[in-house]
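Structures given as structure tokens follow.
Two complexes are shown next, each including subunit A; its partner changes from subunit B in the first to subunit C in the second.
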Partner chain A sequence: MTLRLSKDVLSQIHLHGEQAYPEEGAGFLLGADEAERVVQAIFPLSNSREDAARHNRYLITPQDYLKAEMEADRLNLSLIGVFHSHPDHPNRPSEFDREWAQPFFSYIITSVQSGKAVESRSWRLIEDRSQFVEEKIHITSPVSP
Partner chain B sequence: MAVLKVGALMRYYINNQPQAVVHGATVLEALQDAVTRYPALKFHVFDSNGKIRRHINIFVNSQNIRDLKGLKTKINEDDQIMLLASISGG
Partner chain C sequence: MATLKIPTPLRSYTNGLAEVSVRGASIAEAMADLTQKFPALKPHLYSGDGELRPFVNLFVGENNIKDLQGLDTPLDENARVILIPSIAGGKEIKHEGHNGHEGRK
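Here is the complex of A and B:
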């Protein structure tokens, strides 16, 4: 399994995580899931969890989910995953991530250390929901000037 | 007749289609029709007591049915029903 995305898209994901720090930031991955899975755009969102939980939890409201679906339709893309940040924690899925995740989606997790995004990894939940497996991230183009 | 739309997560359960035609006078009837036509969808929408699962959100023409009349919300021929799962993590 490989997830392809440009450096521009990855930079946008990192920026969102840094702007949300010290809280978790999240949003959707928009793209195509055909012969290979390609992220073509992101749909960043506000973390809708209550204030006290936003440092280690994120929530996307149904209304925001609907907006993202409509934006994907408008762009003739699909929602293919979710990205979120782990402030001052590794970019591995937590048990809470596993409990709430859905098979099919790609889950990009970015570790943000002291306000700086350091690395992203992508994961998919297997069908029986027992564990995540990592999918390789393939970077496809340089950052735009 | 109305159109049931599902997010990418659930397309697998309706034969990999983004939407399907459903029949019924209310949201509940339309969903019951949907799970009759697509049995694989049932487990993901209804719990073992026949209630809608808590993480499933239902919209009619972009309005959450919680703000309408819930499962008793009446639907018309041109209405669009959408099912979306809640998204959370940590």
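Here is the complex of A and C:
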């Protein structure tokens, strides 16, 4: 399993995690899942958890889910995953991530250390929901406008 | 029959269908019909004890069934039901709260 995305898209994900710091930031990955899974755009969202929990939890509401789905339709893309940040924490999925995970989706987790995004890794839930497995992130070259 | 809209991550279990026709006079019956038609969906909608997973939201029209009669919410023949997941997560916590249980929205 490989997830392809451009350096520009990855930079946008990192920027969102840095801007949300010290809270968790999150959003959707929009793209295509055909012969390859490719992220073509992101749909950043504000964290809907209550103030006291946003440093270690994120929540995307059903209303925001519908907005993202409409945006994906508008761009003729699909929702193919979710990205979120782990402030001052490794970019491995937690037990809470697993309990709430959707099948099929790619989950990009970015470790943000002292306000600086340091690394992203991507994960997918396996069919029996017992664990995540890592998928390789393949960074593609920037595309000229 | 009512129409039930399936979110993207679950469409691989409905043969790619974004909408499924379901029989049932209530949400509970419609969900039972859905999982009977597509059994592989069940573990992603229900926990081991048979409860709907906390991220499963069901809307009849624009109304969340939590604000109606829950799983007993009646459905008419032309009802449009939308299944939408809440997306949530977050880093590992060394020490949970006193009851060791997350608040769920």
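Please note the rule applied: the second predicted complex is superposed on the first by the 141 of 145 C-alpha atoms of A that agree within 3 Å, B and C clash if a C-alpha of one lies under 4 Å from a C-alpha of the other, contacts with A are read in each partner's own complex, and residues count from 1 in each chain.
As a convention for this text, a contact is a pair of C-beta atoms (placed from the backbone, for glycine too) under 8 Å apart; a residue touches a chain by one contact, two chains touch by 3 or more.
Since this is a predicted model, take the numbers as computed values, not measurements.
Under the clash rule set out above, the superposition-derived model of subunit A with subunit B and subunit C contains a clash between the two partners.
Within the superposed three-chain model, A:P87 lies in touch with subunit C and out of touch with subunit B [touch as defined at top].
Contacts of A:A101 after superposition: both subunit B and subunit C are touched. Residue contacts after overlaying the shared chain place A:I60 against subunit B and subunit C alike. When the shared chain is aligned, no partner comes close enough to touch A:S114: not subunit B, not subunit C. In the superposition on chain A, A:E24 makes contact with both subunit B and subunit C. Between subunit B and subunit C, C contacts the larger number of subunit A residues. Looking at the shared chain after the overlay, A:S130 reaches neither subunit B nor subunit C. In the superposed pair of complexes, A:N76 makes contact with neither subunit B nor subunit C. The residues of subunit A shared by its contacts with subunit B and with subunit C are 24, 26, 49, 56-60, 62, 65-66, 69, 78-80, 82, 84, 93-94, 96-97, 100-102, 104-105, 107.
The touching residues of subunit B, counted against subunit A in their complex, run 7-9, 12, 57, 59, 62, 64, 82, 84-90. Touching subunit C in their complex are the following residues of subunit A: 24, 26, 28, 48-49, 53, 56-62, 65-66, 69, 78-80, 82, 84, 86-87, 89, 93-97, 100-105, 107, 128-129. Within the complex, the subunit A residues that touch subunit B are 24, 26, 33, 49, 56-60, 62-63, 65-66, 69-70, 78-80, 82, 84, 93-94, 96-97, 100-102, 104-105, 107.
Of all residues in subunit C, those touching subunit A in their complex are 7-13, 43-44, 54-55, 57, 59, 64, 84-93, 102-103, 105.
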